[in-house]
């Protein structure tokens, strides 16, 4: 049984490795996520953020601008996840009152 | 061994300060510095790594450290047990409310350039808006982590 | 020299830390090893230039996860069968 | 505020309610349930209004923070999303009305937490449906997942362990999803669903894209408990408290199916759907056979959920319009049926104190209305004509015939027979068994002196409304398909 | 492509896939629930690092504005988008960890063990 699990896991890892070597190489400035224009001639998010973050929010740290403004709803979701964790722990561990 | 540990831990937290004065003094002395660092990290998130979440974790770490050294009873003065969850809700509300304010003033949700502050251009408004919502994140993260610690301990 | 070779070394340390953490029977030691793991991943993030993420990982690994981990182990059992 | 805020308002109302429930609950303990119901009603209104607008003037979007994608996040309200939103908010609203009295009984003193988490769960589910951004979807996925772990963990003695298993498998599912998203993001450079659908044809046959899609589908399969990955589901549904099960079972897994549909649409139904449809067909049969072996009512229903997820996935993966319509209609039907079944199971447990199928004697006399609702849901489950289940199965069978996949037709038919067997046992033991021959005379005495002892009014009312909805879906299935589902069918 | 270039470009991905598999191994094979949680956090860390590696660019600097470089050429800065996404993912991972420990403590209070085969026995 254990051997079968390890075999499944190894083949899964092998599959991922085969896929991973077809990804753009590490550090490629022209990979689809890093370049400035995609195949549809539209803007790519990463390059747009680099070029416009300071102009849009007067904030030098691009990550902060993306976190709080461009993708602000992700961060609201993150805050709600934190809140959910707090409520979940309260719900699970607080002794029953009354 | 394990049971002894557990009892020791709980007794320390229920009854009061632990025996060693060195630990006591060190923790009390260290806590304000951690808090200052947390506030710095929160306010300086615009210019360097940092921001609401990291600042919130640092503030929570300082208070958790006080809880560990002073005991649950004494550290109640700093952050009462009942407070964290309403405070976390308040933090998330600051965030959600800022977005809602922008929406009520005519923009999309979370579009800070529509915030009703006079005499600021959109870029500055975004700067301010980011600061406000980071404040909400800080409060929420800080109080939630303290709440998780309290609940894990008090279960 | 070869900057990426440093990365490979760091990744190797990371994997070794993960294996050791999973292998140790004393859970307290395993948690400490997992803190090493978290610190190593923060180091790799710095090497890759993700300073914000590295800072978060370091703060979280030291301030939140470590405390919660140790608390949970003190409240439950410290020995593991495997 | 304009009309295009509607897609935002639906999850946002739930988020806001989740924050306000602890605040209001700490002042007045009883205030938590009405607040939750009010939020669900408001969201239902928003969903219906949005649905009307979608069918009047087409898909509309809300750009969060005013940034157009791919720079920002967008919320998309299209026909498929509208259908799911109305279903989730409607069922959620009725379950929340139902949960009032039974929550007092089963999770006394934790009601504030329960309603806050229920709001978070609904926020996560509706957010997953409405978002147009793959990473934002992950965030909502985690919100709903965290809420459901906690909801499941409070119940009988074994509940925390089953919740832990759910947490472990759910986290693996989310990690697989994120890994697949990493592969897709690195090869397309975008996170927006529409843009990714436009870019994927340029890179479609490359191995990293295929593996990325497979990883996402694996993650979704873990979340929806598709057959070989269903290990967490029976324990979780059996051991959780009744209101939590009634809330999670009808709608929780459906949203993972929605995620699968979205990913398949984005990637243009790649060749792996053949494998998925075989897996689903095996799941249909296996779930039905496993359900026959159970003696606990909730556990039997949980295994039947596994089988029904198989139906839905089979319909989606056959990739033709008829089967797709059948799958979407079956999602609605299954949500209604499972809601009714679990709600009446909760009522039965609170009045009879047992869920053992062999001890349900006298149920029709004691709880006539609950039994009626239960029977309607069972008829729909088996597929008896005036109810909704019949028509969705017919669509699925026609879809399978159109794809000339006779094995799948056989699987659906065999599973119908198996369905009949395991539900017939419940009916047999509650209606037809004589009252004699029990080992426990006290029990005997209790069941002999039967008086009508129904669930409380709000529980009964919401159960009956849902049971009526099952019949209504059956009677008006043509209109529902023509008006609401036909617009959501993607081009194959 | 020489073996050298291959190692430079892909060693990080391959090692992270190995890490992912190690985490999954911990979750599947280890019988102690706390060990399973450790495996879980290893899996999450590997995914986070995978995204971080994808953001790397040769000869680029960290994503805080360097006024000497200007912002017109995006090749001079690392891609900030995956960094942001992973900040959120780290938070999610931490909160999941907290909830899982809450569950573990509940289980330990009821059954006085965290050994999975024993727990399965007790469940019957």
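Which chain is which? They are A, B, C, D and E, in the order written, and residues in each are numbered from 1.
Quick note on the criterion: contacts are C-beta pairs under 8 Å (C-beta built on N, C-alpha and C of every residue); 3 or more make two chains touch, one makes a residue touch a chain.
On a predicted model such as this, the values are computed, not experimentally measured, just so you know.
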Supply the minimal count of touching-chain steps required to go from chain A to chain E.
1
In terms of C-beta pairs in contact, which of A-D and B-D ranks higher?
A-D
From the centre of chain C, which other chain's Cα mean sits the farthest off?
D
Where the centre means the average of the CA atoms, what chain is farthest from chain B?
D
State, to the nearest whole Å, the distance from the C-alpha centre of chain D to the C-alpha centre of chain E.
30
Would you kindly tell me how far, in whole Å, the mean C-alpha position of chain B lies from that of chain A?
24
List the centre-to-centre spacing of chain C and chain E in whole Å, with centres computed as mean CA coordinates.
11
Cα centroid separation between chain C and chain D, in whole Å?
38
Residues of chain E engaged with two or more neighbouring chains
8, 12, 18, 20, 24-25, 53-56, 60, 63-64, 82-85, 87-88, 91-92, 95-96, 98-99, 101-106
Touching two or more other chains in chain C are residues 4, 51-52, 56, 60, 64, 68, 71-72, 75, 77
Would you pick out the residues of chain D that each touch at least 2 other chains?
15, 19, 22, 64-65, 135, 139, 142, 146, 149-150, 153, 160, 179, 185-186
Can you list the chain E residues touching chain C in their complex?
7-8, 11-12, 15-16, 18-19, 22-23, 25-26, 30-32, 34-35, 38-39, 41-42, 45, 48-49, 52-53, 55-56, 60-64, 78, 82-84, 86-87, 90-91, 94, 97-98, 101, 104-105, 108, 113-115
Could you list, by residue number, the parts of chain E that touch chain B in their complex?
64, 87, 91, 95, 98, 101-102, 105-106, 109
Per the touch rule, the chain D residues reaching chain B in their complex are 1, 5, 8, 12, 15-16, 19-20, 22-23, 26, 62-66
In their shared complex, at which residues does chain B touch chain D?
82, 85-86, 89, 92-93, 96, 103-104, 107-113
Inside the complex, what are the residues of chain A that reach chain E?
2, 5-6, 9-10, 12-13, 16-17, 20-21, 23, 25-29, 31, 33-34, 36, 45-47, 49-54, 60-63, 66-67, 71, 74-75, 77-78, 81-82, 84-85, 88-89, 92-93
